[in-house]
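Worksheet for the structure shown next.
Letters A, B, C and D mark the chains in the order given here, with residues in each chain numbered from 1 onward.
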Amino acid sequence: MILLLYPVLTVLILLLQGVQHSHRPMSLLGVLHSAGTLLITILIIARPDEWSSGSPLFMVDHLNLLMMLITGVIFTCASIYAVGYIEGLVMTGDLNRRSLRIFYIGFSLLLFVTTMAFYAPNVAQFWIFAELTTVFSAVLVAILAVKENIDASLKYIFVCSTSMLFSFIGVIFLFELMRQPDGTGSLDWQAILAVASSRDSGMLAIACIFFFIGFAAKSGIVPLHTWLPEAHAKAPSAVSAVLSGVVLNVGMYGILRMTGIVHQTSIASQISLILILFGMLTMSVACFSMLRQKGTKRMIAFSSIENMGFLLLASGVGTPVALFWMLYHIIGHSVVKSGLFFSAGILHRQYKSHTAGGEDHIADLFRMQPFAAAAFIIGSVAIIGTPLFPLFLSKFGILLEAGKLSLYIPLITLLLFALAGAAIFRFLIAIMGETFAAGEAPEQYIVPVWMKAPVVFLMALSVLMGLLMLPGEEAFLTAAVHDIGISGVGL
Amino acid sequence: MNRISGNNIGVITEDSQSGMTLSLRESWLFKEDQTARYYRLPLHDPVPVIRAMKGEGKNLILFFGVEDFEDLPGCSLLYVFEEPGSPGFVVLIPEGRGAIHQSVAGIFPIASLFEREIADGFGVSFTGSFDTRRLFLHEAYPPGFHPLRRSIPNTAPVQDTFDKPGKPYEFRSIEGSAVFQVPVGPVHAGIIEPGHFRFSVIGETIVNLEIRLGFLHRGVEKLAEGRSPDDGVRIAESISGDESAGNACGLSMALEQISGTQISPRAEHLRGVILELERAYSLLSDLAGMVTDIAHPVSASRLMVLRERLQQEADRICGSRFLKGSICPGGISERITRESLDHLFKTAGGIEHELDEIATWVLSIPSVIDRFATTGVVQPELIRSLALSGPVARASGSFADTRIDHPYGIYQERVPGQVCEQGGDVMARFSLKYQEIRASLRYIQELLVFTPDGPAIVPVQMHDGFALVATESPRGMALHWVYIKNGVIHRYKVRTASFCNWYAIERAVIGNIVADFPVINKSLNLSYAGTDL
Amino acid sequence: MITNEVAVSLLRICLILVLISAACLLSTRNLSSLVRTYALQSLILVAIALLIGVLEQKSILIFIAILTLASKVIGIPWFIRIIQQRIRIQQDLHFHYLQPASALMVSILLILLVYLCFLQVLHDLFTRNSLFFLGSVIGVSLMLMGLIAIFSRQLAITKVIGYLSMENGVLLFGLFVTELPFITEFVIMVDLIILVLLTTILTVGMDSSIDAYMNRLKEFHLWSEEEVNA
Amino acid sequence: MSITPVLAGLLNLGVVLLISPFYMTVVKKVKARAQRREGPPLLQGYYTIAKLFRKEVVYSDYASFISRIAPYATLAILLVAALLVPVIWIPEITVAEGNIIVFLYLLAFTRFLLALLGLDAGSTFGGMGSSREMSLSAVIEPTTVVVFAAMAYVAGTLAIPEMFRHATTIIPGMSPTILLLSVSLFILIIVETGRIPVDNPETHLELTMIHEGMLLDTSGRNLALFELSHAVKQTLLMTLLINMLIPFGIVQEVSVLGLALATVLFLLKGTALSIVIGIVESSFAKMRFFRVPNLFMMAFFFSVLTIFSEVML
């Protein structure tokens, strides 16, 4: 029943935001909304007896609670960050004061539809909310109303929405498949999972492939990744963090669920092969692109593509262990990536390029922004999967599993990881070496505490996660893997 | 660069390579009247001053020769400049000695045309120009024949001296294996005036176009010499059929300015009505021509009906469908009646309404838009360097309009509606002309409401003297300069808008296909007769 | 009432008309005729929905037809036309990757491809009626042609129309393959409308300076004046 | 040896020759009415040809024998083509065992002759017209082939009479394939007869003409022959469309009454189609020359679609 509180909360927040005129209350309401979402999620986790009793609008299991936990944490951090960040944007005139309301309402709606997508009990509902996440995040990308942002936003909409239409064809197929024998059927995730093995596997394969097209686009899989670097790089950093840390997960969540269904049938191995191939392709394209990047946020965006490729690979491997580590990787990636975008946002405020479309000129990094520099370096180290950080564990785990399929997969992947690491370090060294010529240096940007706190929290969380398994984490993840539909012995 | 002000004498500043620049000095002022300030340069070489004037943003719009001007011996050259933001013109008269002058075509490209015209007319030559070919004198004229010299009698030329054709005209040649030349005209398949177009094409794409006019050069300027001012106005009327009122008005105003005549408010108002009526029907036939040339005769015929109705109004007003005889020095024709004006008032409203309907319809036909859009773009950069004016300039983003920039007559009291289009393609010109017609019809109705009673015409007491007048004809800025000496016209110089605008086509067609030339040509709709003076 | 036989042959003609409209969408350079073509295409879909409704005796299809009529034949084209007047673009003359002629060629190939694929995999799904098989082939083909339009057109507003045409393809496919719950159709329509609103408003921003964009947004009442001082 | 095929052939030729100028005038008349003009009298086509026949022929100094024989050859070839297309009567045995491919070749041959003629007089505009005509025909030829192939596929035969016979068995307007085919055929008529939006038959702007450009140096009787050939070509193509789409009334069993009725019906149907052509011509502006292939592409697309829908439905 707690879940039913959630739409009420959202409507309340939206109404309040709608009547506000100044920035502070609007942004605090945003924080309240995200924190409320997180709180509700935690409450539900704490009370498993609530899970099944709900309205038909919601489905609760370990998998989507896990996703919601990530969503709640990242959104809370992002909305706290936004308090300082957006204020800065308004001060410097980058963001028109009149757009503020659209921004915060868009932000709240994005959180709402993401939540609804994760809790959606059936495929059609999931599709619709996933589609809406595109719409609202596109609003947030375009909010700066600069031509490049609008461009990026339109590209985002066109690539994702057209791909999502293919997914819808998949949904139609699935529906037809489900109701085939007797004319009645439902698209509920669990119902599909239950009967999938008794259905025509050829049609299921077609349905799956169509379905994957859309969600691959949503999670930035090559060749539908083109929108991602643009949108992530141009959006305000608070939004980039959410896009990378949460919205990409929506796509991955869809793929995961579908993989679970496929694994009930005989076509699992073919689909797995496709997933692995596209995963590898995505990683290679991303890694090679990273070598050429000059902008901070574009670099991080390509790193997101790389990680998504890796996740796809993991879902292709498809063993319980691989999926366990895949979920772990999703958590780790969201936490670290958001932290990175937050610190990149600070750097952007400091070194904002004043020519339209130009790259930021980063120099005198440690003198001007020691905090952001440190956070950025820690984040970079974490994202390439250095030991002590969570991504190391998951990469290690997944590659071990993949090695059981074919030794080439870990080999090539490791090579690509090395490439990505090299790209990031090259970039770091390049920006650290720069110094400003006398008189050229911009005024130092004083980072508000609102913006520092989330970064500190996320970095600490990632270190903590890397060092020790949190209590209950392992059991929860294993249960989530079980919810996907792939049962196994666990670790 | 140093600016020199007032009567200061330390005038010379330097320009790195191309010689000196020299600012205009007030002490050189020779005459100032309502429309222009005349400066006499105590220098033979006007180039440094003209370069300085370009630096100040002034633009050369006319440049012509006069023999025996005031006390100056031989052929004097008058350079007319337009000054941005100022209603008056600036005229430079360098000390004329000898028959060789420095060319200013390197500074103002359009000057090349004027120089060739002067060279043909007076036998004056210019050094340092990029183009010294003949302009209006064709091969049949013998070397040494310069009709505007006063020594040549104002009679028909004796035919047998012109038997042997001279050196053929050299067209610019574009070399290349795929380039071939398509000569078109001077005699065309349709019933139009003569003009020769030399296309260099690669396949269907035009890479170069050269226009040669002057096949029916009538010697209008020479014809006016020695005539009485009233006869002069009749000659001005016949310069170009659909601009007859505009040209008559221009010359009449010049004569009125010389004689110091103030015409009645009624005449001022009705002149405005006549000029706008002429603009409306001339532009209507442009619109009709444009849709004809893309083979959409259905709309063309509807537009032609409107044009015909306006011309019938003209006929009802002054007995001429082309408004001839409606404007004379001192006012307007006395036969204009109240009833005909009332009738015009009613018709104008109806036509405006119908035109809206037709234009909305035409501009929503996809195949029409397809042909119009992006065809024949006149780049805005050309406007200044080629001294473009009228709808051609206004469709390329310029606001140039003589009625507003150099207001005259009724336009000093009532500002006409101003329109401007971006884009510079046929589409822009079509919609611009449509809006101008609307504005004209509105303006006519407004004027007719406010027309006071009074005398139509006042007598003109002619003195000797000279005056420059600019009017906005349907095609753009027309300049009239007349010099009365001993009670008759000593020299009459006209520059119609077409004279300069013709050269916009040469640029506009490049990169278009040959089959699009007719519609581009029609959209600019330039007068052959207005150029073959 | 229409007999089954007539309904079937009318359906066939409608299906062909759908493809013709898609071909027009690919090759038209004029925005207003693009919008008109889209409206017509949606109207054909309405007719198809009604005809299937008659054939299969299902009232839900009538509701879908009404919904489509209201949103896609009237609402969305009207809105796009307004936007189009605001941005004063009448032409989309530039194509990348594919000129209209080659786009038509590619779509011929795509139709063939879809036909062959479906013939291979899905034939047993349509044992009841070959017409429904054809309908689903044309639905997916329409979608792919919309995709071609999206990626060969340059202006965002024509891309929007391409997207809408794709969506029509999905609807057509849905009509012939299965019957989705009405609520799903409805929500998709809402999603579509939001998307169209958003993209077209963003399109307004594409060709104007920021100030002009802000002013135009004001025209849409997305912003109000009093917030300036807040 | 039966008399029927000869009779059918003669009847065919007679009807086509007699009716063709009328249709041309109808189109002109409709266009004139659309322009709010009175337009020529309905028999103007015949008057013009009669007038031109009386006029002297002037040849260019550069003209070779081509200019002398082309007018006759063109008309002759088109009359042969006319033998292949039954207008009002589908006889059991046809005079020429011709099929649609031969028909296509004959049309292409007249095109070729015309282009030669344009070049022959040595004037710039003739050459330009020929060059344009040839580039157009290079792009239209594949389309024409596919349109005719679609026709052949739908009817299941290459012989034109058999196609018409097949068409009579279909309820008009209810078959999507026939409808599609008609669209393609209509585009083909527009293009082959040089009408707006492809060419403007009324223009004499030297820079834009295609068909008129090639005929610029032709005069007198030769011009009359070309006018007639042009009209015959249009009628033949119109016949294809009419007898495929609305074959209603065409005679299969000989009877005088039936033939008379068929002639009247054909006259009416042809007039109606001419009016449609006139209206279409009035409502478009001419296409930009390089955009014309798009129009062909549409016809191509429709014809391919015809074959598809025939396969799939």
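Everything that follows uses one rule, which is that a contact is a pair of C-beta atoms (placed from the backbone, for glycine too) under 8 Å apart; a residue touches a chain by one contact, two chains touch by 3 or more.
This structure is a prediction, so every number in the text was calculated from the model and none was measured.
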Touching both chain B and chain D (chains): C
Identifier of the chain whose CA centre is least distant from the whole-structure CA centre: C
Among all chain pairs, the one with the most C-beta contacts: A-C
Averaged-CA centre spacing for the pair chain D and chain A, given as whole angstrom: 64
Chain centre separation in whole Å, for chain D relative to chain C (CA means): 37
Distance from the mean Cα position of chain C to that of chain A, given in whole angstrom: 30
Chain B and chain C: spacing of chain centres that average the CA atoms, whole Å: 53
Per-residue multi-chain contacts in chain B, two or more chains: 370
Pairwise chain contacts, counting only pairs that touch as defined: A-C, B-C, B-D, C-D
Touching residues on chain D, where the partner in the complex is chain B: 31, 34-37, 124, 128, 132, 196-197, 200, 202-208, 216, 282-291
Residue numbers on chain C that touch chain D, as the complex places them: 6, 9, 12-13, 15-16, 19-20, 23, 27, 100-101, 104-105, 107-108, 111-112, 115, 130-131, 134, 137
Interface residues, chain A side, partner chain C - complex: 21-22, 96-102, 124, 128, 131-132, 135, 138-139, 142, 145-147, 150-151, 153-154, 157-158, 161-162, 165-166, 168-169, 172-173, 175-176, 179, 200, 202-203, 206
List of chain C residues in touch with chain A within their complex: 121-122, 124-125, 140, 143, 146-147, 150, 156, 159, 163, 166-167, 169-170, 173-174, 177-178, 180-181, 184, 187-188, 191, 194-195, 198-199, 202-203, 205-206, 210, 213-214, 222-224, 226-228, 230
Residues of chain C touching chain B in the complex: 28-30, 32-33, 90-91, 93
